[in-house]
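In this document, chain identifiers A, B, C and D correspond to the written order of the chains, with residue numbering beginning at 1 in each.
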Amino acid sequence: MSTLLCANADEAVAGIEDGSTVLVGGFGMAGMPVDLIDALIRQGATDLTVVSNNAGNGDTGLAALLAKGRVRKVVCSFPRQADSYVFDELYRTGRIELEVVPQGNLAERMRAAGAGIGAFYCPTGAGTLLAEGKETRVIDGRTYVLEYPIKGDVALIGAHRSDRMGNLVYRKTARNFGPVMATAATTVVAQVREIVDTGTIDPETVITPGIYVDRVVQEATA
Amino acid sequence: MSTDSLVTDTGRGPLGKHDMAALVARDIPHGAFVNLGIGQPTLVADHLPADSGVVLHTENGMLNMGPAAQGDEIDPDLTNAGKVPVTELPGAAYFHHADSFAMMRGGHLDICVLGAFQVSTAGDLANWHTGAPDAIPAVGGAMDLAIGAKKVFVMMTLFTKTGAPKLVPECTYPLTGLACVDRVYTDLAVFDITERGVSVRETFGTTVDELAGRLDLPLLSAGG
Amino acid sequence: MSTLLCANADEAVAGIEDGSTVLVGGFGMAGMPVDLIDALIRQGATDLTVVSNNAGNGDTGLAALLAKGRVRKVVCSFPRQADSYVFDELYRTGRIELEVVPQGNLAERMRAAGAGIGAFYCPTGAGTLLAEGKETRVIDGRTYVLEYPIKGDVALIGAHRSDRMGNLVYRKTARNFGPVMATAATTVVAQVREIVDTGTIDPETVITPGIYVDRVVQEATA
Amino acid sequence: MSTDSLVTDTGRGPLGKHDMAALVARDIPHGAFVNLGIGQPTLVADHLPADSGVVLHTENGMLNMGPAAQGDEIDPDLTNAGKVPVTELPGAAYFHHADSFAMMRGGHLDICVLGAFQVSTAGDLANWHTGAPDAIPAVGGAMDLAIGAKKVFVMMTLFTKTGAPKLVPECTYPLTGLACVDRVYTDLAVFDITERGVSVRETFGTTVDELAGRLDLPLLSAGG
């Protein structure tokens, strides 16, 4: 149904429930929905599963959400970074679960969730630790691992621009996970730098059509 | 039982295809994302109010499709799934076929409206193949729409030209999808396919009892 | 490797071998690579499997290729059209094979070929004639059918514009199957209306990056 | 055996990381589509001639990536997979993560260059996890690159700082991919992983016999 333009980030994240799976866009800071994560910290939902490429940096954003003990499990490709000390400490002390997923599987499993695919056979990780216990199949002489969709209750993504129908465009490599996560969650919330009148975005350049976007909010700092 | 029979706007019937389309249009919520199948379902677009906020999807790669193109608007690069030249509305978006069907199959469309040869009491849909031995099978996007949209509305006459019911206990034509139909709009009545059975929402120039006598299946009244 | 700009359509289709699987873009006439199909007729390859949404219209294009007896099998979603009499006659007289594939499976199976997916579970067609003999699996209570990739030896597609590196943009609903087919074939040949200097297409708007495109030719009639 | 040891450009060794990068760059064909892994492999870009026609892919969604951004060029929306600000070259294209990894996993990249902890004689690659009990596992795109690129080149020192070989009969570290490595560039030699075994293409400041004495595996000479 129609996209809701929110007055602020708190309104945009309202109603996220305890126990939710939250897809969080961004690759490093590019495309990271900083305002929405800060609002989620204020909003209070806990026992969350967070799906994102990394597991937080420094003391802010995702790391701050983790530090408050609100995340039960992280699903990501690369938790270990130079300044991922918040995650590192939680993990080493057994206070957070981790599912490491190859980056391509992370993207493809969310795409599958958005595209109605029940499961798919993928060559990544075959014969490695990350495929242990997973079903495999040899197809045309190659070994594939059966992978299942990752579906979110909520996706928090960053984009560059939205029109009033929620049609999104991104900018450069800040596009990254946003368009995929937007297809894979029940409620999709986009933080954008500007909201423009409908009809001013060239329809050839829309990357995430408004059908995928439930709520849009303009960045506070933009 | 022609779909071109005389039409009244008093609720009596049988209804013509334009009135059936108007009924469907009335039931589409504000702002819904909708795919209208090839043929009669495309008529629904003509009955959506200007402020409906309804966004039309065409599976050949577009959201916010506008009405059929006229005169200078005709652009061979812009057609609907029936290959009819159409227009674009403000807020349109284009995408390729895999993305378009991912949108459909991933459950992102609120409603699709399809024609049918038969619908069963379980909501099975048959609309792609007559099953005749010399028929050339052609499915297009029908099976994807049937399993993909959140709600599947069917629009058809209730009986064939020879008087055979098209709402049936079991489809005899090859299936398009199993247990996928939610509601059936016909010239004589609107039916909901529910877990308890087929429920009559409204009738046009007939009664539930009359319909029950002509259909080989139990009917529930929406009220009861 | 680098995209080759061809002088004409005959050069663009040179080397297509007998027995090839040829993906042919277009939905109706929108996006149909007419020059390339005509060149393929002149080129002479036979015993072809053609994968396309339809099976030809009237006497030209794909229908003309079929009429010359050069196509062993058609894989498509919708062969039966008002003016598909060439296909109809060949089919009814047993001179051509037909695999009818739901349109979404046609697109997704080619995407899978391009994305390295070995097979995928898809809900389309479950319980119908088109899933007969196919493996199925119930996942979370829903029945899915196992579908395999469709890979082309050659793809012939139509696009709007190319730069000299083969980066393609399409126009409106003529985009349709082109971007998917471009990922799914060993050799990808694009017919475009104009070829522009590299650097003049906004990188945000490229739909098919040049990595997928082997040969580009400008439409003769453009 | 430091990678920062003195370097000659005369073919003698051991080579430093810049010379190894130059060797890799020399072997990349004109116009190839290439992904350079995080760390030392990124140095390869500095050694590609201006007319190489090589197109760099970064898995966070770009083709035709340019050099690292300097000063005013720095744009937080434009980074490489190592999150370092980069630039775009004419003919660039942006795409989302699923499309980027589809490109990689679908076999469309000609070459990827990766670092490694170990490579086995069968071409198994270990480069994501030391296997230490307290290590936090982190794989990123390594497993996707390992199985996706048409050719996988590894760039590493041949021995660890404590002198243990990194080209081994069987990897002892957790694997990234099986039988995926095609060629290994090291400070002391370049090896091809072939169906017949490990073949030495060239050596730097050492000989095949000397290497055979230090490595626990049979070596073929490229000539023989």
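By definition in this document, a contact is a pair of C-beta atoms (placed from the backbone, for glycine too) under 8 Å apart; a residue touches a chain by one contact, two chains touch by 3 or more.
In this text the structure is predicted, and so the values were computed from the model without any measurement.
A.B. asks: Please report how many Å separate the Cα centroid of chain B from that of chain D, as a whole number.
C.D. replies: That gives a centre separation of 56 Å.
A.B. asks: CA centre of chain A versus CA centre of chain D: separation in Å?
C.D. replies: Here chain A and chain D have centroids separated by 29 Å.
A.B. asks: How many Å are there between the centre of chain C and the centre of chain D, using C-alpha atoms for each centre?
C.D. replies: That gives a centre separation of 35 Å.
A.B. asks: Can you pull out the residues of chain D that are in contact with at least two other chains?
C.D. replies: If we look for residues of chain D contacting two or more partner chains, we find 62, 88, 94-95, 101-102, 105, 147-148.
A.B. asks: Could you list which residues of chain A touch at least two other chains?
C.D. replies: 108, 111, 115-117, 122-123, 170-172, 203-204
A.B. asks: In graph terms, nodes being chains and edges touches, is this line, ring, star, complete or other?
C.D. replies: Graph shape here is other: it fits none of the named patterns.
A.B. asks: Going by the touch rule stated at the top, which chains touch which?
C.D. replies: A-B, A-C, A-D, B-C, C-D
A.B. asks: Can you check the complex and tell me which residues of chain A touch chain C?
C.D. replies: Listed in rising order, the residues of chain A that touch chain C are 108, 112, 115-123, 137, 139-140, 142, 144, 148, 169-172, 202-205.
A.B. asks: Mind listing the chain C positions that touch chain D in their complex?
C.D. replies: 1-2, 111, 113-117, 163-165, 167, 183, 198-199, 203-204, 206, 209-212
A.B. asks: Could you pull out which chain B residues touch chain A in their complex?
C.D. replies: Checking each residue of chain B against chain A gives 29-33, 53, 55, 57, 62-64, 88, 90-95, 101-103, 105-110, 147-148.
A.B. asks: Tell me, which parts of chain A touch chain D in their complex?
C.D. replies: Touching chain D from chain A are residues 27-31, 77-81, 87-88, 91-92, 98, 100-108, 110-111, 122-130, 143, 160, 170-180, 207.
A.B. asks: Once bound in the complex, which stretches of chain B touch chain C?
C.D. replies: Contact set of chain B toward chain C: 58-62, 75-80, 83, 88, 94-98, 100-102, 104-105, 129, 134, 136-144, 147-148, 174-178.
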